[in-house]
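Both complexes shown next keep chain A, but they swap its partner, so chain B is in the first and chain C is in the second.
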Partner chain A sequence: MQLSIGGMTERAAPRRRLGPLLVVAPLFAVLFFLIPYPIGILLLGSVSRVEPTRIGEALRHLDFSYYAEMYSSPALYQATLNSVIGCVGGALLAMLTGLFFAWVVARTDIKGKGAIEIIAIMPLFISPLIASMAWSILASDRAGILNIFFKDLGWDFRLNIYSFTGIWFVLGVYYAPYAYLFLTPALRRMDPVLEEASTISGASTWQTVRRVTFPLIIHPILSAALLVFVITLGLFAVPATLAVPVNLHFLTTYLFNLVTGNPPAYEKAATVSVLLIALTFLGVFLQRQIIGKRSFVTVTGKSTQPRLLKLRRWRPVVLALVLLYLCLTVVLPYLALVLVSVRRFMFFTSVASIFDANMLTTQHFQFVWSHAQAIRSIGNSLYMGAAAALAGSLLCFLTSYCIHRTELPGRKSLDYLTMIPIAVPGLVIGVAYLWAWISFPVPIYGTIWVLALAYVARFVPDGVRAAGVNLLQVHKELEESSRIHGGSFWQTLWRVMVPLARPGLLSSMLLLFILSVRELGSSIFLYTTESIVLSVQIYNQWESGELGATAVLSLVQTLLLVGVVVLARKYVMRAEAA
Partner chain B sequence: MKGAVRCIAFAAVVLAWAAGAAFAASLTEELGGEALIREAKKEGKVVVYTANILSLAKTMQTAFNKRFPEIKAEVVRLGGGALHRKILTEHSAGKLLADVIEMSDRGLIRREMAAGVIGKHTIPTDGKYPADTKIPGMVYPGYTYLYLIAYNPAIVKNPPKSWMDLVDPRFRGQLGLVPAELGGTPWMTALFQYQVLGNNSDSYWRKLAAQKPRFFTSGAGIGKNLISGETPAAVALDVVSVSDIKKGAPVKFVYPPEGVVMIIFNFSVTTVAKNPNAAKLWMNWTHSREGQEVWTKQVGGLSPRTDIAPPEAAPKTVKVWQATEEDFVKLRDSYTKRWNAIFGYKP
Partner chain C sequence: MELVVEGLRKRFGENILAVDGVSFRVAPGEFLVLLGPSGCGKTTTLRCVAGFEEPEGGRILINGVPVTDPGRGVLVPPERRNLGMVFQSYAIWPHMTVFENVAYGLAVKRRPREEIRQKVREKLALVGLQGMDDRPATNLSGGQMQRVALARSLTTEPGILLLDEPLSNLDAKLRSTLRFELKEIQRKTGVTALYVTHDQAEAVVLGDRIAVMNHGRIMQLADPSAIYNCPVNRFVAEFTGATNFLRGRLDRLEGGEAVVRLAGGLEVRCAAPAAAAPGGEVELSLRPENLFVEPAGGPDGGRPNLWPAQVAKVDFLGTHSLYQVKVGEETLTVVEMGSWCRHRAGASVRLHAPSERVSLLQEA
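And then the complex of A and B:
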């Protein structure tokens, strides 16, 4: 018996060493071309007078004058300042909103928590482009539907979405789910003993919240705010729709203008990209520092249930706030989009004119149906979303497996490689890809695949983390037992790890799919007429003033995402039940 | 005066049109003959890259498809500057899908010619188009646009009557326009404002900039804001929102006495056309009497052909202005830079 096991392990040994190596080497190659190569080209381009894809020559012609020129431009300072003001405000509001939901779900005795949890994360399914377009229909200063209501009510109060307040609001409510998802576990994990001690010592509820609870969660709170700050800093859609019309430029729209000028100023755009990367990196760095501190303060090894606050007469107030959030993020914007999609044109003299049945039409649906490019963009988005989800999850799963489950040399470097895109906004990835692949010997630019590759590169950090969490849940014993019984690296991976990690794999595919279909920042630089995706088509139509058709396509995108999520959940749930 | 100020009496045009109609060539001749049509039908498809307003481009597309159901016309629309960039990038990657290109900016067309994108084709109706509107054998004027003042009559009770009215304090914060550097049409309008309204100075630009106008990325984008009242008045195209206006949308146009800017939309086939015959047919058809009348009658725009009647809604006489091609191309970069500085546009 012993002999036979020994024999099997001995026979399997060379394969076991070779198998993982065969995985790691291609993984490195793939990740290299996905991430450091294009970003390296971008960086090189910012300091060279020569086309950076000719690397050797570019290195011989280094020149830092682009930095000198750009970084002394007052306009860049203004754009940086606007970005910081816009995103800090948005991040603070998102943090407060997320904290509210996290607190309601984790620390109160409110009923219907399942529904509230869904409401709290619903905006994740709505692309920031659609959100800001819908809000510009609702709250533009002169013609916003809500302002028409106020006028009819005789109020002097007017909303103006084209302002910092408007941008703070849109970022604040639509990015609250990120803060919520980050803060809920922290609030749940809090050790109740400290709060109980405070209460027993005679402190009032408010004093306990202020002196005990708040200091305990200040680190997660700051960390959540920084997380939202970092995400929104790289965002293009919101400032493009809400700030640019009033000539307010953010770093992303400034970068966009540089690349889309005639002729495009890639070199200058590269210097701005470096600034964006630096700011994002600073945000990520600070956030990591803070997370480090937090984990020692609030996480305990004990399995404890924090005490739940009895809301009593405050329950209706909390519920009203939850419903208000639902209205602001989902109900009102989608009512506006549905209205625009079935109305001939948008001119309202009064609230009554909004409901004028004579103005109803199906022309916008017919328009989209007869517009080959719009239809193609829907197909492309589905195709590309699926491709990015499949290839991305496979890549992330393999990478994560190598990082967490092997002792291979270089696995740490793999981990670092996959973390790079955290600090690189989508727009920068778009510019880098455009530049790096346009003159690459393998004709990738202009094909549908360059978009899928950019999506994978953008979302690798999310995918690898998700796969990592998933893999760590599978106990090593199962894997070891497969190996002991002679299973090769591939057999173990395919027969043991994949089936066990399947639910997690499916949800990470779903995540990548949603993120890819929503993606605009990279796509806007990389699409061609043939490979155009839905989000770009929506943006182009919006920019062309085709409001009705824009609304129709926005509804299509949302229905697609919701449809796929519902189907996938059903499938995952069925698979798990089975 | 560098630009040519011309006064078109439309009544005279109508007479010329009536006379021209009598000698009109048959449609098949204007389309380039049976053989071309047959070959185009075999190709079955034509891809048109246009900077035209999408709904108007689709009106042309629908009419073309009605005439040639066997040839699927596909329209790809982007603003002028963005379209030019897309064309050059796709071309350099060998991925240009366009069979036909339609753009208002002659300067950008020249750059595309230099890049080897613009192909050769002489339309059968070449003789019908005035010499200063075309580059014979290559680029032809498909449509004529007028850049003028548009406003929402439901919001603006005291409408502007002239370009000078537009810089009156009552329109402060009420105006919309497209920055000069974003396309051929806004650039030519800025040049008109500089050379004619500012008497070869930036004085009109400064007055207009003081009105704090809202910037739009393309002429088409202004339409929805005019209709909703978000932007009560604008420097806009005579065909903006026309399909909505027909359905009752509140937009009116002013033909200012100082003149309106006339812009020629340049059409050409590409050197890389996958459907070269269908591309030629699209060119021939859009420039034929039938195609031009779709533009004047269904869209309501002007035809560059002297033998085609202007649309019914157009006023009897309009003073039109056009930049010389030399000024248009030569002054562009330095002037738009100055425009940006005065208007505080683009960081």
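And then the complex of A and C:
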């Protein structure tokens, strides 16, 4: 025994120094080229007269005139204002809608909570592009199906989705799930004793809500609103479909025009990107501050079930609101898409004409089927979605493992590195990649792989967070127990960590897949005719006015995602049951 | 195998010195318990021995071979220390069966299947889980999980077994039966054991010796009886059980005994520690169960430490009674076993404190 331990001692010392480096260094290298490098190039490009990929030369020719020029331009000022107005309004509405659902699910005695919870998060699976296109079919001021319906009924009332109200509405209902997911735990965790103490002191229900409940959840509420603000600020699809038609520009559409103009104004686009990053960062920063200040009195850990409000005669009202939400987010938009996909022309004169059998056609499906690029885009989306999901979740798992489960030097910096993309909208990542990889020695630009890389970069924060939650659920002693009983680092990872983390690993792959297939902001700058992906194809189809094909492709994308989710859940569940 | 820990020091962050110069030796086959309140450094010490923590200073030797020696850059990884460990959370892998859990240590060493099968059977029988091989590990009670964890820690036939509060998640009844079983299994296998707990009753039953720890240091390292009867300081005396403290001056040494004079003039005789010198301020510890209340007026038989006293208060606790007894200016707590209490509040009595059971604390 003595001998063998002695032998080990000799080998152990040097190995300890090298091991961590072998794990951390590649992670750093990969993350560096995915995130700080392209963004650094973008920043450099905004202050240099020279092509920023020639870093040394660019640094010698610094020039801040782009900022001077852009930041005094009224157009940029207007776009910033529009973005803020649109996103603040959308965030507030989303917060209220999310709060409503969180309250219904966590604090009322309503029946069928399982179904309501699903309804509350369903819009997460619908891409904002599809949602806003469907709503423009439903509620465009002149030809919107709903407006024709109102006309038939003899009402004077008309909807106009091409307006701030329209954008607030779309953002408000489709981003409510983010607020809902954020607020539900806060409402659930609240110790019922705090409210009971108020009631027992003689306060009415309303007084209790106002004086106790509300102050206790004001921080989560603000935080949820900021979260939605930050997400929607970087959104391209919604303003592009709903604001641009009436010449309203948001920061993202403004940025898009700069890059796609002739000639492309990359330097100016870079300064706008910096502004977007700054605003997003401000939002993220404020949100973190608020979470940090959140009082933890509500979190007692022992509280069982919060007091449930008896709805009694209000139950039908609440249920009606839930169903209305389902109609607005899912039923109506998809009915509209289905309708458009099987009709010869988009324009209706009356409600009756909607059901005119003579107008039915399969021509749009045939068109898509024979459209080589459309078919290719479907394949590319699946391919890149899968690649990003596999590579991304592996990267996120390893990174998260280093951050949470090791004492490796540099793990804190890894953590910060993976958080950068939170403050970088997808569109900006697209511009940065466009620029940074064009002259990169390894030919990535122009290939389909640049898309997968951009997806991984964009969704690293989501992936790392999901993996972290997953890892933290695996008790550290389960690992230590393997080490002490003779399992090496790799044996432990393979025999203990991977099997235990597998369900979480699969669901984070699924998450990355869905996000990647839906992705538009980065893809729209990085695709070529060969590497075009489905969401870009849909957007282009829409831009060129081919509504029928747009609808068909939107349905295809939705069915693909739903199909993959269903299959994956089935597979994961079966694996769990075994 | 023998375990030696020398001058171990471990710091967390800038200011927290979790382990501050801990040294001890566990002889082959010995059962040593590290006892102390939470945050005293006992678990950190154990984790340093396991190789999960790297200390800043000191050395750890297994059978004379350094496995942790920061001074020389030696840190043998946990898997190569030939240890077994039972964790507080059991740490039973939920994705494996009972058999796979117990077989793990041999499986990662790629031992022949037959050997694994035979050894796992043997260990499962040792902990009383015969025939449970194919049970999924999640389908076990807390006590069974702890037995699986114990079997798993023994399959590789480790030289040293580490136990980190293994019984603290079990209910009281199970805890007391498992305590004796654990001791029995350790005796049978002859494995050297290092056991961490904050429960003094557990420590007394299990330990051949006990190291009482506080603030990252070992306060006293001795056999259970010495820890209980001759605590070296106030902390050890209090942590190992209820006790009465008396302050006084060491008046003189007489016939191998020390005589301590209290502020109120009362004289207490006790066994004199070697270093005792008259004149200094000292503190005495008198365990409530080592004090006896007697009716007033009986023969004293020349016994020392027999004082006239008065019962100030009686608390009847079912299996025993607690008296608050006033002696001079002091009030002492006395335990009387049995379900009948023999004295009433207000009664004039005598209090007897046998001198060999009074301990003079060596450190204030």
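Methods note: the second predicted complex is superposed on the first by the 554 of 578 C-alpha atoms of A that agree within 3 Å, B and C clash if a C-alpha of one lies under 4 Å from a C-alpha of the other, contacts with A are read in each partner's own complex, and residues count from 1 in each chain.
One rule holds for everything that comes next: contacts are C-beta pairs under 8 Å (C-beta built on N, C-alpha and C of every residue); 3 or more make two chains touch, one makes a residue touch a chain.
What you see is a predicted model, and the numbers here were worked out from it, not measured in a lab.
Quick one: classify A:T528 as touching chain B (first), chain C (second), both or neither.
first
Check the residue A:A501 against both partner chains and state whether it touches chain B (first), chain C (second), both, or neither.
In the superposition, A:A501 contacts neither chain B nor chain C.
With the two structures laid over each other on chain A, which partner does A:E477 touch: chain B (first), chain C (second), both, or neither?
Second partner only.
When the two structures are overlaid on chain A, which partner does A:G487 contact: first (chain B), second (chain C), both, or neither?
Only chain C is touched by A:G487; chain B is not.
Going by the touch definition up top, name the partner, chain B or chain C, that contacts more of chain A.
Looking at chain B versus chain C, the one contacting more residues of chain A is B.
So, does A:L520 touch the first partner chain B, the second partner chain C, both, or neither?
neither
On the A-aligned overlay, A:Q78 touches which partner chain: chain B = first, chain C = second, or both, or neither?
After superposing on A, A:Q78 lies in contact with chain B but is clear of chain C.
Tell me the contact category for A:V105 with respect to chain B and chain C: first, second, both or neither.
Once the two structures are laid over each other on A, A:V105 reaches no partner at all.
With both complexes superposed on chain A, which partner does A:L255 reach: first (chain B), second (chain C), both or neither?
It touches nothing on chain B or chain C.
Considering only the touch criterion stated at the top, classify A:T349 as touching first (chain B), second (chain C), both, or neither.
After superposing on A, A:T349 lies in contact with chain B but is clear of chain C.
Overlap the chain B and chain C contact sets on chain A and report the shared residues.
none
Touching chain C in the complex: which residues of chain A?
Listed in rising order, the residues of chain A that touch chain C are 1-2, 5-6, 8-9, 12-13, 16, 475, 477-478, 480-489, 491, 495-496, 499-500.
Of all residues in chain B, which touch chain A in the complex?
It is residues 47, 49, 53-55, 58, 62, 72, 74-79, 81-82, 84-86, 89-90, 92-95, 97-98, 108, 152, 154-155, 181, 214-218, 220-225, 227-232, 241, 244, 247-250, 344-347 of chain B that touch chain A.
Residue numbers of chain A touching chain B in their complex, please.
Per the touch definition, chain A meets chain B at residues 73, 75-76, 78-79, 140-143, 244-247, 249, 254, 257, 260-262, 264, 344-349, 367, 370-373, 434, 438, 443, 445-447, 528-530, 540-541, 543-547.
What does chain C use to touch chain A in their complex?
It comes out as residues 1, 50-52, 62-67, 72-85, 87-89, 91, 93-95, 104-105, 108-109, 149, 152-153, 155-156, 159, 162.
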